[in-house]
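Naming follows writing order (A, B, C, D and E), and every chain is counted from residue 1.
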Amino acid sequence: MAGLARYIAIRALLIIPTILILYTVVFIILRVIPGNPVEAVLGTHYVPPEVIKEEMHRLGLDKPLYVQYFDYLWRVLHGDFGESMVVRGRPIAADLKYRIPATIELITAGFLVSVLLGIGTGTLAAVKRGSRLDYAMRIYGIATYTLFIPWVGTLLILLFSVHLHWLPAGGRLSASVSLHRITGIYTLDALITGNWAAFADALKHLVLPAFTLGLVLSGPYTRLVRTNLSDVLQSDFIRMYRSRGLPEGKVLRYALRNALIPVVTYMGLQIAILMGGAVLTETTFSWPGLGSYLYQRISMRDYMAIQGTIVVFAFIVGIVSLLVDITYALIDPRIRY
Amino acid sequence: MPAGEILVVEGLKKYFVKGGGFLGGPRRVIKAVDGVSFTLRKGETIGLVGESGSGKTTTGRLVLRLLEPDAGRILFEGVDITHLPESKLRPMRPRMQMIYQDPYWSLNPRKPVGEAIAEPLIVHRLASRSEARERALELLERVGLTPPEDFYWRIPAQLSGGQRQRVVIARAMILKPELLVADEPVSMVDVSMRAEILRLLKDFQREYGLAMIFITHDLSVARLVADRIMVMYLGRIVEAGPAEEVLRDPRHPYTAALITAAPSVRRRRRRRYEIRGEIADPSNIPPGCRFHPRCPRATERCSREEPSLAEAGDGRLVACHNPLPRGWLAKWLEGEGQAPEA
Amino acid sequence: MALLEIRDLRVYYYTLLGAVRAVDGVSLEVERGEWVGVVGESGSGKSTLALAIMRLVPPPGRIAGGSIVFDGVDLTRLSEGEMRRIRGRRIGMVFQDPMASLDPVRRIGDQIGDVFLEHGVASSREEARRLAGEALEMAGLPRDWVDRYPHQLSGGQRQRALIAGAVALKPELLIADEPTTALDVIVQAKIMDLIEELKRELGMTVILITHDISLAAERSTRIAVMYAGKLVEYGPVDAVVEDPLHPYTRGLLESAPDLWGEKRLKGIPGYPPDLRRPPRGCRFHPRCPVAMEKCREEEPPLVRVGDRLVACHRALMRR
Amino acid sequence: MAGESRRARILAGLAAPFRGPGRGLFTAGFIIVMVFVVMAIFAPWIAPYGPTERSVPLKLAAEPQPPSWGHPMGTFQLGYDVFSRIVWGSRVVLYVVALSAILSMIIGVPLGLVSGYYGGALDRALSMVMDSIYAFPGIVLAIAVASVLGPSPSNAAISLSVVYVPTFYRMVRGQTLEIRESLYVEAARALGFPDRVTLLGHILPNVAPTTLVVFGLAATDAILTEAGLAFFGLTVSYPQPDWGLDLRMAMKDILNGVWWTTFFPGLAITLLALGFALMGEGFSERYAIRTER
Amino acid sequence: YYYHGKAAKTTTTSPTATATGTPTGATSKTQTTSSTPAKTSTSPATSPAATTAKGKGVVVIGVTDKITDLDPANAYDFFTWEVLSNVMSGLVKYDPDTGKIVGDLATSWEVKDNGKVWIFHLRHDARFADGTPCTAQNVVWSIERVMRIKGDPSWLVTQFVQNVTALDKYTVKFVLKTPASYFLALVATPPYFPVSPHYPPDKIASDATWGGCGPYMIAKWVRDEVLVLKPNPYYYGPKPKNTEVVIKFYSSSEALRAALESGDIDIAWRTLNPDDIKAFQHMPGYKVIEVPGLFIRYVVIKVDAPPTNNKLVRQALAAAVNRPEIAELVYHGTVEPLYSLVPKGLWSHIDAFKKYGDGNIQLARKLLQEAGYSETHKLHVVLWYTPTHYGSTEAQLAAVLKQEWEKTGMIEVTVRSSEWAQFVNQLRSGQFMLSLLGWYPDYLDPDDYLTPFLMSTANGWTGTGYKNATVDKLLQEAEVLTNQTARAQIYVKVQQILAEDVPYIPLVQGKLYLVTSSKVVSLKVSPLMFLIYSSIQVQS
């Protein structure tokens, strides 16, 4: 177990360079952006130039780039993401704190949907390998991946919100519903407080975005499970199980257990795609998460907000890949750490 | 260096380090080759025999400088090539060639086999493109892939295992090398095909005056081609000598075990010289004599002191504190008495 | 009555490019207590034959005809459920590659334990594990290795664990498909000893599949030689080895290097046929040194010659 | 003789994806992609209206008009013909995607080859950077870069290349590492071949099919990312036609039950992406190449 | 002397904003508020809004706007000002019924020194939400705080006010830098509002909820999610007609619309899509209320670089524009054509651009020919817009303009866009030949629609490069005049010059729309287009 602890510690350390690199890339990109954030905020209102200058000074934007680079880094290390340039005096950390749970709720739900759909379809395909069903599932695996999220989203809204009136077209919670915010993950908060009305409402809001995201991202799982499982089903040890008279159901269970190990690795890669998909999903469904926040702030040139969000994204990527590694190490006895 | 010696190897070592570092898990040092010395004369074939993991392939690759040795010396034609930089080594490479165990993966899967055979001539500017093609066609015919035009443009996937191995041989031979390391060239070839491959190798050897290190785990194959046999165990040579003598009169208990364990149609249900267990993990070599935990003749000394490869008369070398007495095997196989105790 | 009686068995793989006739009209009987060695080149259909007996031929393969009568019951007619009760309990099987034949993510004990639970011998996991420990011991491994994972074992040890699982319920028939090809000679000899010992102790019948005729010859009572999906010769080991009737058997014997045999090696020229389009007549005729006109035209039947079966026009003429 | 065979081999190589396993998928994808390519090339002849031409009387232009004989896919608000804009829009999409895929291939493949073959500090640094970028949501990165450069098709292509260079790099590097350890590369060394010959003659040809598969994957992905960029208005400025942008502009229509203004542009995006995906899939099946996605 | 009436003299009559159920397109000038039933209303039973259960007297308003900063020292956007106007009181305010500036905290005021000194007399019963009395000291402290913090809107104070002092507990005195005829309009803006003494004296408190002494206090504030207002128990004025105002924030107009349809909100305020507004007009159970707008849209033309430095070219562009078509195609009639920079309804407005007509291709072609262009030698122009800042219709506005100009057959238009931040930057540095902009006034006076655009020392931000000494002089004159009629004359003259020189092409004047469920029976909007929360009454 000490081995595992060491392994986790080292993996955790390895997140740092990843975050640093991304931060650097983003920093460079942002600083070559033409456009002055201060002017952008003031917009068409008349503002004397010295006010702009003063504001730039206050925000530290007149310092040399490398100073800004390290200044910000230093502050982030202390949990301070700086102040918004658009909303003066507003700490970015507060915005992030509000939005992170929304994104986490969405991507977790999307993730679950994609994994369940993927494992289901992939298993079907592998078990019925070569059949028409297998072919259909293969097409499913390819085609879902090529769906454009806003398109799927609008079609679902058209069907379930506009025509059937079953589900809301956007947002996270109805105004009529009150919910005590604890974690910010509404379904969870509702459960914690035993607020069933809010739970149902939050879930209703979650269904379409999560399904959209999950459907689109389930394809790779389908394909992965299909190939892995049919490999495993052809492997010698499966024959060994069969030769000992084990029923097919049990054999399939053991096979899945082997086939899903590589799928776990993929989950780590998936996080990037999941978050990318979340940006589009959030926009389509007016979901107040990090993705839509980032997009908004990019157009406002709110450097601090963009930097902060990217660092958080990088953290999420890092933490998820760490979790995946740990899961992997735990479920595969062959891994030595 | 005495005339006629093409290769002299002294105290060769190669340790692989696995793991350690950042995420690698526990650090393990695999002593794949752990002090190997031998000489090879021109036109001679040495059979290098041993169990899986004993370091045969590693030795072969070291000798051709496809791996960097950690210790020891390699003299090729009197030239010390142990630390020769690759640029200096490259012109010498055509003179020493290697044939691999797996004929599929030693051929570029996308290159037509004829091109693969011709390529060395072209790269080393030993022939023009068209001359090289001519030579390649000749060699294809020579190794029995007829009609050669038919085979020239095939890719390896379109050939059977035996045919591929012929291509590999042809490619090595087009450069007329002086030294050949053949790493289990027939172990992945179907039984019925083996004779043909071995015959080809021997023919080329005779023709070019090749010296050859023939690596195999199968003593009965070694017997067919080798003038001398060296038995390797866990990175060391434990016994060496003229082929027939080593096989008929093994002095090291390990050699005896190998010989008596080989199945034979001629001698069915023969007696077996039994040893314990399986070969150790090369990252965890036992102290003293590395064979002692499995040895029926081991004494207390064996667990302390590593025996060195010493002369045992008649050009025989044995690394054992208690070698088996001379000429015991024949009698023992006839069922006379117990295996001699230490 | 023979323990196993195979009649005119045909197993085809129905691929997109045509049916591969991997086993094409094989008849063979195995008496109780025998040790039958099945030899042949790669691709001659040995494994397919073994899998057919277990009714485990993978798709697109199918048993296309013939019967497999085991202890008076035609296995080809059993339901899947009935067949399952025979697998592992009355017929055990050991596979070629011990590295791949164990589930890498489950403990050895659990994998062996399955067989006890499945056939109702053990009623709890604990009991199954205890019995698995005993099985391991029987195969020469420590009892407490039930907790180990396959990757913690060496090749020979894994093969022992596999054998332990295969014989755990003391089956009447053990089919071993090249159990030692991946192992070194010394370990190979020990595994063979183990199978022999178990055979004696449990009164099993053994079918050993190998491409190494020396290995087959060593302990078998009878040898079956396969070529291109056909049984070409079958008979007592001494007779077959000393006086092979079929030219292919002779070729195999002469191309096997033998530490104690001649220091000369012969091969069999040519390559085995494509089993989708086997040659007309005798399948061996393109490679046969003594082929006659008739061999090109007419497929030789498998004929009993003394205590042997052989499928060769030339051999029949000789008698 | 040899020359002829070589030509035959090249032809056979080109025809290879249409034969053997995966040919059905490949051919289907190929047809889909070709349909769009033809559409882009012959847009002026195929599209009944110009991309910004009011195709209905003024009084109908204020509202999207449902599909009809004259307008098989209906019209957008302002009276633009949906079908025509899809036809014209294919030009932008294909231009951006082709340019970005080629750019990222040109940069990613050589870097991956050299990095994987020589290893060392450069390799470690480069992999670290590439892996970090790869682990980051592509569309977010593309949005960031594209909004720096401003909306234009070429800029969108550059932004997409930033995202896909790591994809090519990683795949090629991984393959190179694997092939470098393979016996036939050692064999090349044993034969005394210089690095150049090994790299270009032995490693590159074996990496090439993978590169093509990655190309298919990256193109698929790039189409979707391009649509995403267009969706956020980062490829062209409206009223220039681009599918993603049209979809975005029409999203407000759905609440009024107007489906055709979003449905058809979205369908075009998905179909074209599907075309490339099928080609990639067919190709990878043909050459038995496994991919991460 | 210090009468309410005095105020009337120095300030404006403004377009009166009222709530009416309006038939499509028709601007109603009715002064009546509220209770006019929507023309299309139906029984509440079919309204989805009726299905949600809320507390009695609770009003839920949905917006896509954001509250940037609850601190008036830094807030500088429409919606935040609206909220601040409802939770705080200023010295004066606009009367929603008459549109005139009337006293609020101040009961009366005097102007001295030719408009350089202003003295306000405060009422004695004003209190903050926690019961603390609101005195002259609070007023002075708050305004000085704004001047000290130098937040975004602080120039509205610092540009004009020399100093501010409390003469006694209930008297405040301003000394201005120069006389400003429209000072009362300035005093009605949030930077002049007294804030609770809890605010930090020299720091912005973006999420502060202490508020001021207006009709409401902030009960709950979750950024980007919800703002809940409860009546200020100490408010001196009439009690609000509701017991609670909940403001919900939506990220898109689609979501806002959906929220109204599902009954999540009672009122959808800024900003629904024109399509949605149109849809609601036909939907039973909803009322669409039109608010005449102060918001104007126009094209900025760069006059100091070719080809648009040619007046003929500019006039041609102005002539080709078809405003009714734009209003219909792009905005579905939710805006009105605008023929001047001064919006219709504000005093001194004239339809200066009417002389070019609408979509006057003939004239445009003639002017272009005069300028030397032809069908073969086309005028190439680039039109810039910004895609999100003015809503998603902006791209369509650009598209329609392109169409209209190209209709002349002698113009080729390239449309380009860039994100707001960059747009503003490029705009200021004069990089755009033609660009689309909008303007919302800081204070309600024609001056705020002309000086920032035409005064050469003040119009740098538009990048037009327009400079006309006559205009500069006229505008300066008007600023210090206190006689409205005299000022109006000057502004008319300026508008005529504007139409002649065409540095801008006015396009449309925004109307704002409120869509409410039929449960909402009355509401009022102030002349600044702020929704007056206390006027909203709902039926349960």
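One rule holds in what follows: a residue touches a chain if its C-beta (ideal position, glycine included) is under 8 Å from a C-beta of that chain, and two chains touch if they have at least 3 such contacts.
If you're wondering where the values come from, they're calculated on a predicted model, not measured in any experiment.
Central chain assignment: A. Criterion: smallest distance from chain C-alpha mean to the mean of all protein C-alpha atoms. Counting C-beta pairs in contact across B-C and across A-E gives the higher total for A-E. Centroid to centroid, with C-alpha atoms defining each point, chain C and chain D lie 52 Å apart.
Centre-to-centre spacing of chain D and chain E amounts to 46 Å, using the average Cα coordinate of each chain. The distance from the centre of chain A to the centre of chain D, each centre being the mean of the chain's C-alpha atoms, comes to 23 Å. Looking at chain A, residues 33-34, 169, 283, 298-299 sit in touch with two or more other chains. Contacts with at least two other chains are made by no residue of chain C.
Residues 51, 54, 56, 58-60, 84-89, 92-93, 95-97, 100-106, 111, 114-115, 118-119, 149, 151, 162, 165-166 of chain C are the ones touching chain A in the complex. By the touch rule above, chain A contacts chain D in their complex via residues 17-18, 21-22, 25-26, 29-30, 32-34, 142-143, 145-152, 154-155, 157-158, 162-163, 169, 220, 223, 227, 266, 269, 271-276, 278-280, 283-284, 291, 294-295, 298-299, 306, 310, 313-314, 317, 321. Those residues of chain A that touch chain C in the shared complex are 129-130, 234-237, 239-247, 250, 254, 257-258, 261, 331-334.
Listed in rising order, the residues of chain E touching chain A in the complex are 52-54, 60, 62, 68-69, 71, 74, 76, 150-153, 155, 203-207, 222-226, 246, 248, 250-252, 254-255, 258-259, 262-265, 388-389, 419-426, 428, 437-439, 442, 452, 458, 461-462. Of all residues in chain B, only 61, 64, 66, 89-94, 96-98, 100, 102, 105-112, 119-120, 123-124, 133, 149, 152-153, 168, 171, 175 touch chain D in the complex they form.
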